[in-house]
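Naming follows writing order (A, B, C, D and E), and every chain is counted from residue 1.
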């Protein structure tokens, strides 16, 4: 663990990513105790109020302004981080469990199992993700749960492909042979020997997917199929506010900034994790 | 080689079958199009009659069988909305989609290759930081936001380019650039890490030990090996561009297949959804087939294995 | 647990018997029903290993020697032939049926880096056989693991560490500790010293020898380094293209090699003596020109000395 | 602004170079209209979409009557028409009218078209509009008689949306993809999904059109539509957020505005689900909603609050005497308390997605206002098709549903019928209301009808049959090159426009 | 006396890694005369490969860094040359053969392309001329039907053939110096023997100066004129090959030779084993790097680095870096054992 942090401190980009991400996660966790305005209820009289910058230091009503319904944007962004991050994380984890699971099974058993999985992957690859997501959301309805399912659906394949490749390599590693040689069962080999050794690539895929899923959620919102209101998600805020782009720039700019910063930091963390876990990248020692 | 091609062909057929099957069943979950096709005030009887006209009153399984049968002959049925063969409706929009996708792909690949190469060769220097920051921003910016900003700036404020629409090369600039930003960001990041990996390879050391010029090493020894994964990536990106540029097409009023399919999803025009998705899947499969062959050109070991 | 604790004479029933073993890769049916070209990794080999005996298996890369080790252990199933352990056939047994045999047969691999699970502490790794076979629990397990560490010359204090904190030699000791955890009677050592630093190789070879003396373990010692084989093995089998071309007691191989390939192999060993090296001639053997004849069989040409002809 | 000007001058050189490559913008004799959705079919009987398909086709095919910008009917192909008796209408056609290929537009053609649309084999999507038509008779080449199976006072209004195909031509051509002009314009170019260019029809039998060329461009994205107007690429856009009106007005090349549409927004109550069967509860909801606030804030004052009825001023049967429920949270709270309804029970409010101008926002305001009075509101955004299916076939509307209603004939009859018992849309089940509507249909006397509908609307208001909200504004932006009389019924037609002089 | 072909003076190389600074090469000095074959022996981490790669600018920088020293080659200091000047030397005046011919040849380029590259680059030959020469070279290194095989890709060659191709590339421009880095390690013994025969033959015919880096004492015994034993980034002992093998003066050389089986049959005795583990080079080395594993180490070995010095009474050039007198100690030990 110490080397983890010392490695982190050496990588400025990785550190930056971790800090930004931690801020958002903390804000999301602490949202209810920060004493914010309601993110859902607005006041029609306070519609499209511009940001009061001084409000950051001396209490003003809306530091980042209000949206088209008079809701406080700061509060919506902070509460929105809960929705956005939770949806993204849930989708990425769900997709990860499915993808890693299938990847391990396919890579470990190979043969028919593998062939079936690879054909599934082919099918999904040939099916443009965005259209699949749109179709499925349109079919199932844009509830929070369905959005998570859809995003996970577009995500599992990337895990499965990469994990399968990793497993094909790991299963030939001699410690796996050795586990078979001592008579370990299949489950034990999969969980104790293979899974821990493919978790880091899965983690790296996960961070990249997290970034992609957040962007995809925004695109779905743009097409009217994102996380439904009143839950404030960043994508939704961005999409709803887009028509006000030139009259009330703050409605779009701040959630947009939140997305860009989060995706950026997630990517930085992902890159850093890859560098950290990839021995090839870690000098000689 | 023949066996390899036949195998590939079979795989492609399975992939397309899977796609058309999924799209068939998902569209049936979409629900009943009759409410959308008829004007307000339509009675349930009218709706029932329309459903019968559209063949939607049949048992699902029978619908599926006749659907598969018709597809085999290239018939995707009559569009509910357009009142003519769905595939025709989709094919009309295909040139626009292809034009945008290929332009974005070529532009994005060029930008991405240049950026990725600059970043990899300037490891640890400012140039790498700047390029990678832009690449990350390119991936972190929602496409529609970028698109709207570009319209406001280049079309409304400067009036250099049209806000949207299709036709002249000028119309192509903004949407293609918007998509290319994302494409180039992905490619730049992938290429950079590939290049860094390949630069560590023993044969690059061999090339340096031969005293070759850096340009020769980069192009012949590093570039070719680093580009192989990029080629795969291009195949996948192409798939996303063909069907996934819906958002860009909407922002720039680009009459592509993506937007058509969105519209068809909104109006539950099943035949158009099916034809559109099937066509995109088909093109994707064909492109990836070509990419597979390209692999062989790039890497003799793969050529040999076939 | 009762078991022979010292090398017994070869008059005893063999511990391991390999009969006409073959292993082909590829083959089978292709995607569209066409049969693929098969690679014959092992092409009908037979040998016995007595309890407490070390059989050296040498040959160049691709000769099938490592595959033989894995097939003997049933880590891969053979295409044909049989493997008997204490007279019982192992071929075709389910993993469950094989489990009791797994306690008696172990393996040490070539690459000590790849052979350790990087995500497991070495203590857990060594103790894993005890868990899988439910041999020991709790503090007893820890005690036995510590004992294993001491036995292979490692400080038990290292048990909580991860593989990357160890050098190659130490890792190979961990692997050996794991292999002997169940006190097996037979270990396949698949080029166990090839990947080690020169100054460490002798340590590991000595460890193998010590373990054999104290536990009576029989080895199938797969190697391409004939000099270590000469030092460690009772008998040597020379493999070429999936066949055993010559098999004899070690001294007979070194002093009375009959097969031209064996001779070429012997002549190729670099000797750390400039005077010998300066005057020696390397014998060449063109395998492509003289592959082992498909119909040839092992023939006894001397006491316990077999030759493929 | 300073920033923009500077940039503009900075980039002038490059702009000049680039502008030569650009397509020509609106010029003399040319007008460009932005559509929100693409034109799908050229067959006017296969689409009921006024805002795109029918608007474009109305330039190409003749109609018996047209609805003018003032929403009054005007003669077109029919020079005059009369109701001979409650079930018989007679139309007198203009003389010498032909399609571009010379085919006559006569009584036979009208009959053929009305028969076609009613032919089940054709499966015309707008067949429902003419389901009451029982017979079409050709009296002479310029006189056609239409008989209905029941009194149908709004027939002429309905025929304003009925475009006539050339019968002979249609035998050999596919009207879905091909056109033959019989109106002021002919199709010059069609780029599917992008644009349709119309050229004036030189052989048109009516008045020469003002513009030589009319372009219809499809721009689905609101922001892009506004951008296109401000960039001078289009002359007319519709369906913009009211908040953008001021911004467009501020630009130097366009102006914007809003008029009342014919679409009333309301909260449809499902009286079949408690607590919506409770009168006090329904009234309380009406008191609880700040309609003026919504109109002022969300629609920048461009929306008109509904006068406690679902009819807007343009409708026949509009009741000028009704007053909206005032916004009175205290009164609402009181009524909620009196209603005896358990306020903690979850109440669902549905809204179709992307269907109504800022409908989702309004729903959120309503939900938030009701929540602040202690109700447990849950918003469901639902896809429109599913919403309609749920409403009509499933008969399972949520307790409340934000919905917009408009009736193309702009007549109380059709509009109010959707609340009469037995109608598939009805969730109220008020027999008295149903009887009033039946009475209204049995007479053609305008005053009598007016009186009956006044009674009906009052009943609906008193019973708080639904939550009355506002009339959806029809927003538009027009370039300074043209004038256009804004209208609330979706038609966008070049022949309603004039070049600005 | 002419100047030596290559003169390495006080060369030190470090690697900056996350685990700390690795002192890979520490103050290495030696010379090679023209025509000489120098065998450099050492284990992984001994600095034997790194220092050679470093002086020709072939280590990645960063993390690698040359801290000090000079390398005179034909009178010029390689460490002071620009990258462009070094490029002209690499592959031309100095040829290389690397360990693993599988990874050291570019898998996607034909052998022809890879073989003519140095020829067109350094000799300025036309493509056609270069190809002719390349075929000759393949012929020279014993690749049958070279004219046909030159168009093939590396994966179509066997391991031994691939290494012959590597040697052909190294020799392409008739270099003054050929550096072979573990050139036979990845090969089977029989193939190794053939390659060694080839190198001996080529050396005889062209008189090329060779640095042969290996961990195998047996390989240098047959190939080298002089041997240089490295450990922990330092030269422990160097000298004429016979002198070193017959009477090693470094405990490390002695241990290495002893730990190899010399034809003993099993069970006669245990192999001599060098105790302990290779050194951790992140710790700046103090004293004799081998001291912790050296049974003969004196207290001085742990505190002071022994210089490389000529051993009295041994062949000229037989130098050792040790504070102890190994033959004396061995003799004493044998005496006590008796």
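In this text, a contact is a pair of C-beta atoms (placed from the backbone, for glycine too) under 8 Å apart; a residue touches a chain by one contact, two chains touch by 3 or more.
Listed by chain with UniProt protein names: A, B = ABC transporter permease subunit; C, E = ATP-binding cassette domain-containing protein; D = ABC transporter substrate-binding protein.
Keep in mind that what you see is a predicted model, and the values were worked out from it rather than measured.
Touch-path distance (fewest steps) from chain C to chain D is 2. Counting C-beta pairs in contact across B-D and across A-D gives the higher total for B-D. Mean C-alpha position of chain A lies 48 Å from that of chain C. The geometric centre of chain B is 53 Å away from that of chain C, both derived from CA atoms. Chain centres here are Cα means. That of chain C falls 32 Å from that of chain E. Chain geometry summary: the mean Cα position of chain D and that of chain E are 88 Å apart.
Of all residues in chain B, those touching 2 or more other chains are 30-31, 148, 152, 200, 250, 266, listed in ascending order.
For chain C, residues touching at least two other chains: there are none. Contacts with at least two other chains are made by no residue of chain E.
Touching chain A in their complex are the following residues of chain C: 70, 73, 75, 95, 98-99, 102-103, 105-107, 109-111, 114-120, 125, 128-129, 132-133, 175, 178, 181-182.
Of all residues in chain C, those touching chain E in their complex are 54, 60-61, 167, 169-170, 197-203, 205-206, 209, 224-228, 230-234, 250-251, 254, 264-265, 267-278, 280, 282, 284-285.
On chain D, the positions that touch chain A within their shared complex are 222-223, 226, 240-241, 243-244, 246-247, 290, 293-294, 296-298, 353-354, 360-361, 364-365, 367-368, 371-372, 379-383, 386. Of all residues in chain B, only 124, 200-203, 205-213, 216, 220-221, 224-225, 298-301, 304 touch chain E in the complex they form.
Per the touch definition, chain A reaches chain C in the complex via residues 173-175, 177-186, 188, 192-193, 196-197, 199.
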